[in-house]
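In the two complexes that follow, chain A is the common piece, with chain B as its partner first and chain C second.
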Partner chain A sequence: VGEPVSVSRLPRNLSRLSKGAEHLLFVGPAVFLLLAIVIFPLVYTFVASLYNWDLGQMLDFVGFGNYLNQFRDPNFWLAMFVTLQMTVLSVGLEFVIGLGLAILVNRELRALQPVIRTALLIPLFTAPVVVGSTFRMLLDPQFGVLQFVFNIRGFAPTATDPFALLTVVAGDVWQWTPFMFIIFLAALQGVPRDTIEAARVDGASGWQQTRFVLLPQIAYAIVVALLLRLMDALKIFDVIVTLTRGGPGRSTEDATFAIYRLGLENFYTGDAAAFSWILVVILSVLVGILFRQIHGRYKLV
Partner chain B sequence: VIGAILIIFAAVYLFPTFWMVLTSLKKRADIFTWPPTFLPSSIGLQHYVELVQNRDLLPHLISSLIVTAAGALIATTLGTLAAYGLVRLRWPRELNRQLSLWVLSLRMMPPISALIPMVILWGHLHLVDSYLGLILAYIFFPLPLAIWLMQIFLSSIPEEITEAAQVEGASHFQTLLRVVVPLARPGLATTMLLSANLIWNEFLFASQLSGSKTATLPVLIAGFLGDRAMDWGPLAAAGTISVLPMVLIAVIAQRHIVAGLTLGAVKD
Partner chain C sequence: MEQDIFERILASTLNRRQALKTAAGAAAGIALAACGPSQTSGKAKSIKLLASDLPPFLQANKYWANQAKSRLGIDISIEPQPYGNLFAKATAAWIAGTADFDLIIVANQWTGEWAQAGLLENLDSYVRSDSGIKKDDFIQRSWESTGSWKGRDGQQHQFEIPFNSEGRIRFYRTDLFEKAKRTVPTSFPEYVDTLKFFKNNPDFPNVYGAVEMFGKEQGPAIVHELYQSTFPFDSVKTSNGWWDDNFQVIMDEGLVADAIRKINSVLPYQPGGVQAYNLPEAINFFEAGTAAMTEVWPSVYGATLTSGTKLPGKVGASPVLSATVGGPSKPFLGGWGMAINAKSPSDRKQAAWEFIKLSTSAEAERHDWESYARGPSRKSVYNDPDLQKKSFWLKAMGEAAANGVNAGRIKGMADFYGGDFWVTCNQGMVGSISPEKAASGMKKALVDLLTKNGYPQK
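And then the complex of A and B:
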């Protein structure tokens, strides 16, 4: 009784196999490259993180010693704190300004939209090193035009403690607020006018219309925009290098910059690798939780 | 009133870029002066000339062009292939979904974590300061983006069209090449542009993996920033040269760019 079944099953399995092979032909190259360029280095970093590996010399196996060193190092915690500050401030400001601007432009000025959108496209296509060096030029203590506008000649915000971090945030906000704005404007334009109209007729105030009618309808766009920006803001580097070089002291060294210093300037490869892995684990957990939350409510892919 | 406020906002927003371009055209004496000059008495291209003569502008520019073109092309090609596989070859569905999520999650990976081992490995493989090594490393940035974007573009093409091609006996590869690619041209352009933007402006990888032969524009720009007094003129000129092509393309292809940026975040 079993014979005919297995015979009839055979060709189906075969065709499945060839389908699988075809699948591999399309998806394979990309996946292979991603494994080679993203995942393999990650594995390599993990191995490196278990060794005492200084100045290009792999010395001895130390297990999780490098990790313990990081946790004991106040600079590690400082870098984490700086990363947190920069991320929260940047993404927060980008969100508030981008959303506010999108609501305004969407409500009032259909005619001006192309002009404003074009103006806001420029920062998105500017290299972060150019953003950093331009802001540094604008804020030059001797000849900076902002020093002139605010009458603060001689003051160097990029080298003064609480201000340095804010200048980095300002650079990031300048560059990325347009991203939020463009997404939100497109989302708002997809909201049917009559739902707002209906709310207005029912006596909802402008704030109520926005909060309870408009925002829920663009919730998906808000979530995705925040997620995408969050993933990038946690890794700010170029603007820091060109604007403050991590200074003054270490007050603008975020995680990426600290790892760069540790591994690529001072050649403590093992320590830098351990720090990298801690960062990867934190980001994975964070983004994993967010993905799960979001994916439950909206389908991401 | 709101219109006026927005116009002022746009002007303030454009100011950093405007100031950079203006500085790149000012004479030295007009840059290092107080109060700053908003309307310089004369403008000229002397800083650009200096970049070409003393700062190897052209080699940096050519290097940036090579790496960007190659990287964007590879990412778009492989991304389109993968996206077609994920969207149209529905076996096995759950695997496809997991793969898509995995690709999306790669965008979170900190580049610095990949860079440290790359520096070591590329050193062993003699890939440091070679175009091959740089282009290979640059797959890191655009490929996840390209797969994600093309997946959304391709899933907007009606399945009946590709199925019709299949019924007529075309292989999946032929379907992709003859049917899907012509239909997805705007999507391909968008993906290509956004990929190119990522590579053109990248600094961290370039600073470590390129060298005297292959250094890109961002490396040149960051190189100006010593701890000493800065030479703003040539720096602003280099910044202008870096920004100009990308911004021009972005403004011309604005419709595509906006479509690409909002894709996936804004559902139709």
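And then the complex of A and C:
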């Protein structure tokens, strides 16, 4: 542990800076980075969304025409619906499995905690592209491992409705359930044991202990975990690209993939920018509502 | 107007880079002049080719790059890209001003997009002044539909030299059909009978009647073929059945829905997972000996036949299916050419042209056919009886090239293939939406596509 640095030991020139300059020195780089990599792209994308762009050509100003085009396009709504399905299924399953595992490990398998925790961390260290590719290899209708294990000829969930969407969800659940598990386990370990003991002495069943004693005490962790996963699950991309490429048909084409196809495969920059902004607004509203709820109830932020 | 803006965007990027390059070049030139003999030459010594990674194409490019080194003294570095990435990669590089390639392999559907934006070099003067290209030997349709496009002056110009022109054909297992004492189907109703015959037939265990490409990338081509086979070409001036010669949408929704319904109805007779099959999957399945037929691009399966098939002597070739018994077979046509990046310096363009001449020559096409089965685009190769004897599918390819129907030629063809039109068709094929809904979605997508690309609909 080092000795704390006193102001008197700062370089002479730095200590002479005015308060304002000092603030600028510390905050400036962060502000510059924020402007360069967040604000500028957002503004640039908004400008692009107001023009008819095609193959790098800024053709003409169309106002909010690109936005209206999106709302009129049934494929836009389909992509939003696919996004909703994926998000609800992924986050829901991750929550249920993660919480269940955390309660089980906390209550019954305390001795095995370090092993289980380490093993469950592995998916978190895996890149989503690798998850998608691995699932594709596992489920390939010709050479997939599952074909051999279960000896089912032509078993091809990635190519059929509605299983293709479920395989994308499965990939996401496999990767992100451990995230929920780790957060819930940490929260559960912070719950005082005497509250559980007291409930047990009062005759509460296992379910009642969990429902009325344990869960309310880790509610803040649940909300934070759900919020973080929700923001991420709304933009699943890598797994879709490597596993199904949005197919069959459009069965797994979520909003992010649809934007990618519009902007980077067909080069309709204006349409893609408008779609992106619609998604940004929806996400911001959703996250804003959730934050407001959390803030009101748990005084977290 | 729109072209001017694009040119300005490109020019602003290029001018800065070129100014720097020119300054650096001038400094280097002065240094060289001061230190030694002059190094002037009208032709660069090394250039770059942005290529496709399709095996027969890439193998041919590599072979002729070696030949160019020894015959012309030009080093060709090759950057291969998967078919699915090539268009996006090149376009993004042009837009960003980082297109460092001098030569590019161009699928015929991309020509309009790039030529109209001024990104491909107009080759008219090269062709006019260089008889070495032997223009008359190319199949006329290939020369026109693969390589030419209306330039900014409204006139037709040559932007690519074709090196591949082919229509899809059907490969089948001669031994299985002989054993079954059946003829190879040429129409859709006969095809359905064949599929039913092979389905769970104890005499042919584990053999499907066919494996087709239902995947998003290739699948809709088969709908195109069935539709074109029934389209009344006599009633309207059109070359493709999707829009007329005035670029007005004439797609017949009923016929398209019928074509989609047909292909969707045979899904139960195909192997599991076929909804995601594109070229590699269909060819692997056929090569594994578990399907009696498959319809693919002949250059791609031809490469397997040439380099070492697992089914030697057991494969035959036939035309693609007509929609009705006795109806016409209308194979889906494709083609590739080689073009010069209009933004390359002139000495590199000259070297690029030398390479194009070499690698698209009759000698090259013959060599590439015999070595890698890369489909030719020259009459002298297609019609060579010796080659037809050696490669049984060359004749079927020639017929397909003669009878086939191109998807059409507009500026937005890249979007036609990967955008809403194509994907909506695929949704119908795999049963995600009804054939009627798919056909109506395709028509809407087609109207949008033409309107967006500067072909207003009345």
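Here, the second predicted complex is superposed on the first by the 273 of 301 C-alpha atoms of A that agree within 3 Å, B and C clash if a C-alpha of one lies under 4 Å from a C-alpha of the other, contacts with A are read in each partner's own complex, and residues count from 1 in each chain.
In this text, contacts are C-beta pairs under 8 Å (C-beta built on N, C-alpha and C of every residue); 3 or more make two chains touch, one makes a residue touch a chain.
These figures come from a predicted structure and were not determined experimentally.
Judged by the touch definition given at the top, the superposed model places A:Pro41 against chain B, while chain C stays out of reach. Shared-chain residue A:His23: touches chain B; no touch with chain C.
When the shared chain is aligned, chain C comes close enough to touch A:Gly246, but chain B does not. Once the two complexes are laid over each other on the shared chain, residue contacts for A:Ala221 go to chain B alone; chain C is not touched. Contacts of A:Gln85 after superposition: neither chain B nor chain C is touched. In the superposition on chain A, contact is made by A:Leu264 with both chain B and chain C. When both complexes are overlaid on chain A, the residue A:Trp174 reaches chain B alone and has no touch with chain C.
After overlaying the two complexes on the shared chain, residue contacts for A:Val105 are found with chain B alone; chain C is out of touch.
In the superposed three-chain model, the partner touching more residues of chain A is B, compared with the other of chain B and chain C.
After overlaying the two complexes on the shared chain, residue contacts for A:Ala273 are found with chain B alone; chain C is out of touch. Of the residues of chain A, those at positions 140, 142, 153, 245, 264 touch chain B in one of the two structures and chain C in the other. Chain contact summary for the complex, chain C toward chain A: residues 2-3, 5-6, 9-10, 87-88, 91-92, 94-95, 113, 117, 206, 214-216, 271-277, 281, 284-285, 288, 414-415, 418-420, 423-424, 426-433, 441, 452-453.
Residues of chain A that touch chain C in their complex: 54-59, 74-75, 140-142, 153-156, 158-161, 244-251, 261, 264-268. Only residues 2-3, 6-7, 9-10, 13-14, 16-17, 19-20, 23, 31-36, 78-79, 81-82, 84-86, 89, 91, 97, 99-101, 103-121, 136-137, 139-140, 143-144, 147, 151, 172-173, 176, 197, 200-204, 208, 217-218, 221-222, 224-225, 227, 230, 232, 235-236, 239, 242-243, 246-247, 249-251, 254, 257-258, 261-262, 264-268 of chain B touch chain A when the two sit together in their complex. Here chain A touches chain B in the complex through residues 16, 19-20, 22-23, 25-27, 29-31, 33-34, 37-38, 40-42, 44-45, 48, 101, 104-105, 108-109, 112, 115-131, 133-138, 140, 142-145, 148, 153, 174, 179, 182-183, 186-187, 190, 220-221, 224-225, 228, 231, 234-235, 237-238, 241-242, 245, 255-256, 259-260, 263-264, 269, 272-273, 276-277, 279-280, 283-284, 287-288, 291, 295, 300-301, going by the rule given at the top.
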